[in-house]
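Chain IDs A, B, C and D follow the sequence of writing; residue 1 opens each chain.
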């Protein structure tokens, strides 16, 4: 479909890679974790993914220049299973493009003879937990047992969460149809739209660090998170301003909503 | 259309079958009734229906594993008219896919030389009635008379309900164009989004039991409903949590709605 | 496009016909007026128009049977210009299908060598006026002068209304591209969603009666309106019930909206 | 795509033209500025752009006649770089048509061997600033330096605004893919849906006047703005009425939203 612009930037031959997805979602838990992995592991960008179904807006970056919304796939060579890291600014907005996007990611994953998929997300709570628990669900019992072993991962998730919306959930469901094992790690976080789930991301990173032997410097991680934290507090303030802007823009475009409710 | 993935799982030769639809809707009355029928009658799954127009989310099942949203058609051999039972987790979301879905169901129904169609739904009231009445409407007077005979079915529905939204209504309207008789049974229920219309479903099941001679064990039915009830109370609690999650997810994806209203 | 099912029911040869549109809108002013015309003039149905882009619901009629939403074109032979009357339960919902619908109506209109188009609508006010004024706008000065002559039609509409949404406005704009003269008559009415603009419709009918020499029995019209009124009061009550139902249905289908706002 | 009707009205040969975009948006800052430029410079209309994806409504103009929503491209010969001015009543509503629209504008721009692009917009604040600042962002550092030189343009925009929604932002992002330099000037304004950002537009015009040597009569500009102001106050009043109308129309079409929230 011409709605999608998928650009391969580099030829790589990953060794039975594991795909880790972390797109924006509840508390941005998954995004924070995968963005940290990409920066710490110095992963290389191998794919640009862009679509006319993405939000019709641009972001201003630290250089005061604009970026179109984008999703990117990164690659990192590892001693055992190589890593594919899926990161981005946004998720596809509507139902059809969310399904289409996941199928395209699975196509790329299979072209690399991928081994398994880990999606990262958050569970929004009314209050911020002191120590967020990490729950998991999957399309297969084996992969749950593999990741639960020697970690605090909690697989009693039935009744704890409802539908898992967007790429974090769909990748699991659609992977099953292709007989690809996939697991979702979902960390507890405060379910407020402006809250950023750094603590939840840290818990997910601990599990990945152990199970995938990533050799992440966790002290550095904690320090790094402090910095991200202050940066995010600033960004949160911005987002709040933006939201107001967007609200007004929306209203001025569609004035009919103005008096409803 | 490639948006639809319809998979035939088994070859059957139903004897002038009656199709009973029970997808999610007001109070989930229809879903509760048809899910009960499928389990009690040990009906066999003959079709999987999936679409990219379905909600882009997955459900966590009792095994802590994920399921894509799906709609399924079941088959049950009966002494007289065989049964086709249409059940699922969701309804198609938008106008066009709702129409398309119904046309596809009618195609399958006609391929089996189906006899008539019964759709099941609810009428949302401000207060829960002690004994829910079951109203009916149809695309044909004869089928109303047939189902009203010897039952408490109330056909004075004009003025009681407004438009019937989704598959429960559309199947009747579109069936008429193909000269297929179709009736909707709509039971009163509490119109609160978290209320599950078990009592309404029971009233609908009583009518079906009598008219279709299903030999349902109604004592068992009552006991079963008790169990469903406590299960549903739990699920309701979950759904409430989920809703909160979803709300936040929605907000974090589309921040512009944040300040509206 | 296969989204549209347009069925010609009867072959007619209208004499330079005038098309009068009255679909649902503000106060249903246009719908009330055109439905009255069809019934009083005993106009004949010549076209059925149906689309998968229409709302995915059915209505229950006075016979307790269901009707799919539909739009119909009626024909009435007259001494001078014959009439084409466009009536229906609904308007196309989204932008693209609203434009497509109007183009299809204009195609039919031109196939009959139509003379001019009159669309009927309402202007929603915060308070119900004692005697509603009727304003007009058009795609051409001449047609305004024609209908203003010897009537109380007010053409100082600039600043009184904003954008005219839906078929009532689009038909004028798109007709201009085909060099077809078209005028909109917009009567003041109470802008409350449950209010039905019978008085506004009467003012529009008076103008049409005079200018098109329809020989409507205005005494009968007043009596008829009384009956419509009590019927509509009943229906209004129903609609209020329905709205509640629909709200719940919507919520149960899309639970994520549940906690927003 | 047949959704788009793009009509070339006149053959021109612009000399490495600069495109200035000013479509409706926050405070309508960009629209006010570009509409003023078109009128002051007596620019010639060279393109009509229309789409079925535009809002399905018409506007009533000063002659009490209707206009379909439209976007237009104007041309003005200048001593140095000629100007292309993009103005209109509306912006494309949804994601896909917003992207498609921008690509089509870039196609036209490149057919004229365009030099650079300036988009104009507003930044909505909670309070109206006495002297609105004008911020900029771009797809390239050079163009920022060019427009910042000898002006009060502020390029420290990171953290001041969030995503820039619609054509004002997308044109920059998509232009970058074609290696076209593009800058956005965003003036502070009151972020209320009914407020019209005339002061912000004036600040943007001052910068354009100086950098593009437009020889605008700024005294006249101030006087003109006074007139626009009183006109706009009137229109604002109208829009408020309209909004109410639209709200009711929306409610009467989609009654299910009526009871939500």
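One rule holds for everything that comes next: a residue touches a chain if its C-beta (ideal position, glycine included) is under 8 Å from a C-beta of that chain, and two chains touch if they have at least 3 such contacts.
From a predicted model like this one, the values you see are computed outputs, not experimental measurements.
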Superposition of chain A upon chain D: rotation angle, C-alpha, nearest 5 degrees: 90
Proportion of interface numbers common to chain B and chain C (over half same, under half different): different
Chain whose mean Cα position lies farthest from chain B: D
Mean-CA-position distance for chain D and chain C (Å): 35
Distance from chain D to chain B - Cα centre to Cα centre, in angstrom: 49
Junction residues of chain D - those touching two or more other chains: 93, 162, 165, 239, 242-244, 246, 249, 251, 255-257, 260-261
Residues of chain C defined as touching chain D within the complex: 24-28, 90-91, 93-96, 98-100, 123-124, 126, 136-141, 144, 155-166, 169-170, 172-174, 176, 184, 191-193, 239, 242-244, 246-247, 249-251, 257, 260-261
Residues of chain C that touch chain B when the two form their complex: 3, 52-68, 93, 234-235, 238-239, 241-246, 248-249, 251-261
